[in-house]
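Per-chain numbering from 1; labels A, B and C assigned in written order.
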Amino acid sequence: MKKYTELKDIKDLSQIVEEAIALKQAPFEFKHLGKNKTLVMLFFNASLRTRLSTEKAAKNLGLEVQILNVNDSWKLEFDDGTVMNADTSEHVKEAAQVISQYADVIAVRAFPSLVDKEKDAQEIVLNSFIKYASVPIVNMESATAHPLQALADVITLEELKTKKKPKVVISWAPHPKALPQAVANSFIEVMQMANVDFTITHPQGYELSDAIVKDTPVIYDQEKALKEADFVYVKNWSSYTDYGKVLSQDASWMMTQEKLGNAKFMHCLPVRRNVVVEDAVLVSENSIVIHQANNRTYAAQVVLKNILENIE
Amino acid sequence: MKKYTELKDIKDLSQIVEEAIALKQAPFEFKHLGKNKTLVMLFFNASLRTRLSTEKAAKNLGLEVQILNVNDSWKLEFDDGTVMNADTSEHVKEAAQVISQYADVIAVRAFPSLVDKEKDAQEIVLNSFIKYASVPIVNMESATAHPLQALADVITLEELKTKKKPKVVISWAPHPKALPQAVANSFIEVMQMANVDFTITHPQGYELSDAIVKDTPVIYDQEKALKEADFVYVKNWSSYTDYGKVLSQDASWMMTQEKLGNAKFMHCLPVRRNVVVEDAVLVSENSIVIHQANNRTYAAQVVLKNILENIE
Amino acid sequence: MKKYTELKDIKDLSQIVEEAIALKQAPFEFKHLGKNKTLVMLFFNASLRTRLSTEKAAKNLGLEVQILNVNDSWKLEFDDGTVMNADTSEHVKEAAQVISQYADVIAVRAFPSLVDKEKDAQEIVLNSFIKYASVPIVNMESATAHPLQALADVITLEELKTKKKPKVVISWAPHPKALPQAVANSFIEVMQMANVDFTITHPQGYELSDAIVKDTPVIYDQEKALKEADFVYVKNWSSYTDYGKVLSQDASWMMTQEKLGNAKFMHCLPVRRNVVVEDAVLVSENSIVIHQANNRTYAAQVVLKNILENIE
């Protein structure tokens, strides 16, 4: 693996999932791989799970980890040809080249503006690092994608499925704040790569990009969509068509135990209780969100392992 | 030791003090104990000594350390059954369970509000982590207690005492800001466990909780209380009865060389010079505050060592 | 080396440059030196390169690294005899002594006020740590000096020079913000120690301290100064005489490819593109700024190595 910035960087999904599950059994087996190598983690946005799980994954592989909250230092410039006489102190062209000399791998987290749809789609921060850095880049959630989360999700499905081709549904949920489409996008993409019967359900106006959804069935009737589901991934996103807007906080879309039935409940966390999902679901045996969060470590570790093996 | 959130978690004080003093002589002897294990340190409040000494203690034991300033990520919810549609993004129930999967031990620092006495007494942050985490918890100063500081204090006393049962006094000092009672509470508790002649002195209105003070003598006359003291622990706290209020900044309660006489001067630091204690004391041979701060490392290390030995 | 707070701490410049270049070839050869030792890095100001390169250098030597953004904890007091009843919570006298017990080496970054010239000249933060700490101090850029940068600069010159005694020019550049004189000061000092033909050029009003400049020629005519230069170090600084003022943003002082000719372009970074230097220079083969930034690691590493060898 030369980088992991999008799901397309995975050549063989089932093989990498199997490898991740093996790593979970023996997390320190490849500790020699990271010896005298450094992962620099750059955060343009806040993080809890991604920060802790990726750092842990790296250390499991023997990597040194250096963490920088970019906004603690100064604002980077991303545009070409700018006369930098305003609030940006350093161009990403220099920053990426410089950090590449201190790092063997660079991981980047940079959320969308949710204001400028075209600009967000260009993934300027992530793509600038891909372009100007001379070391492999890992996406720790970008404007439009969260491929480490999606990998953890599919590992979880593989571990917990009880039939060969389970029915998986992603169901939109209400949320008071405008959230990115990144998690939903990547989950949809990874489900299209996996051996599952997959459905999307959300209220009208919450259609995601056609380039993501492709021919996955979209059903506006949540009850109908959830029928006989084995796994239900619940997630809010703000409108993609009326970009970044919160069009609805319709509480009837909140996930409940009744709606869920015997299906397993998935969510990337953090989750707002009794807004996105009722308490009863989270305390029930059907909730696998903690299991899912644990797999963030092994998703990151299998990615870093494959990148390190490609460096050597 | 299954956790270290309160002094009661110590079964045999003199044995643990002895063990800490031994660790100070050979700090790297147990470096194998932490191998492939991780301490996650969560800060809800600022820290200098606790942060550096606990991190050092962990690394002395071979632990990996991951540090998270929780407020850099997002606000946690602690109440049960809340409809989380306001400013909290994640419930501690999820956060604690998730972090438990990345950590072998979790250390937490969370100060009191000093506004709501009942709520502070409930130790909601610390107790939530105790309740929902699946790994041992270490208290790096909570709303009402600072047991790592108290352990460092008693180690210091053991090292520097020149008689079998020294006289120890804790003496309130003025301070411009409202400070927690945590350090005083834990020092009083640990003195009640130790073989010392112990007295509390403070102005009227600064009475601490009866549940803490118990039958320890409280003398309002500072001069009288300090007579023939071997060790004087100086510390400000805000009023407990008129909760969180600064009732007095009476400079006559500041510790001076004259008042101190030949007694050793103790303080947990940070200390405001010429408000809590005059400069002359801190530069004198009677000040043992730097020695005391050094013992923070070995207090943390003996606690982590006992916890790690219990995990294995 | 007992400390590295100023260039004078280097006894033999060419020998240390040679040693740094050797370390670059075998960065992990001295990993035993830092075993069971800790570098505490204290930041009073933001950092990207210094933070990452110094941390990496330390880890290359096997040191544990603990990083503290001092402003995340509380404000330190630096004056003598203060009644600390205002916004400072801890005196540097205590802080430096305490941290010395957790650290084997302390590195400090503390910028000038650019308001009070005399106070900045006193280097109160750095000198307080030198005075009160009991372990070696490394300057990660202080009010008036940046000796780690200067060492990286001279390593770069040594590696890339094509004649025995190259012509080196430091050329002032415009900048919208008031910047310290530290980088210019230390570069001038190190050039005076090196075997180079050295010239300073800047607009009138931007004269640096006589104690720094000494008998180095200062030419106000940039074109004339740059003639036949082999290396041009471009750097803004605010006025030293009219202290901390931005007297000119004269764009004609910006470095261009035309002005530069065949000379190598140096800058400490971060650099504001098309203000300090035009884009064309940075993408040209004559720019050695990325190479220079890489040498920050080996400058820090050779310093830490010499300090560690002196401790043992």
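Quick note on the criterion: a residue touches a chain if its C-beta (ideal position, glycine included) is under 8 Å from a C-beta of that chain, and two chains touch if they have at least 3 such contacts.
For clarity, every value in this text was computed on a predicted model and none was experimentally measured.
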item: Angle, in degrees to the nearest 5, of the Cα rotation that carries chain B onto chain C; value: 120
item: Fraction-based call for chain B against chain A, same above half, different below; value: different
item: Chain A and chain B, separation of their C-alpha mean positions in angstrom; value: 39
item: Multi-partner residues of chain B (at least 2 other chains); value: none
item: Chain A partner contacts - residues on chain C that touch it in the complex; value: 27-28, 46-49, 51-53, 55-56, 59-60, 69, 176, 249, 269-275, 279, 282, 289-290, 293-294, 297
item: In the complex with chain C, residue positions of chain A that touch it; value: 36, 38, 40, 64, 66, 68, 72-74, 77, 81-86, 88-91, 93-95, 97-99, 101-103
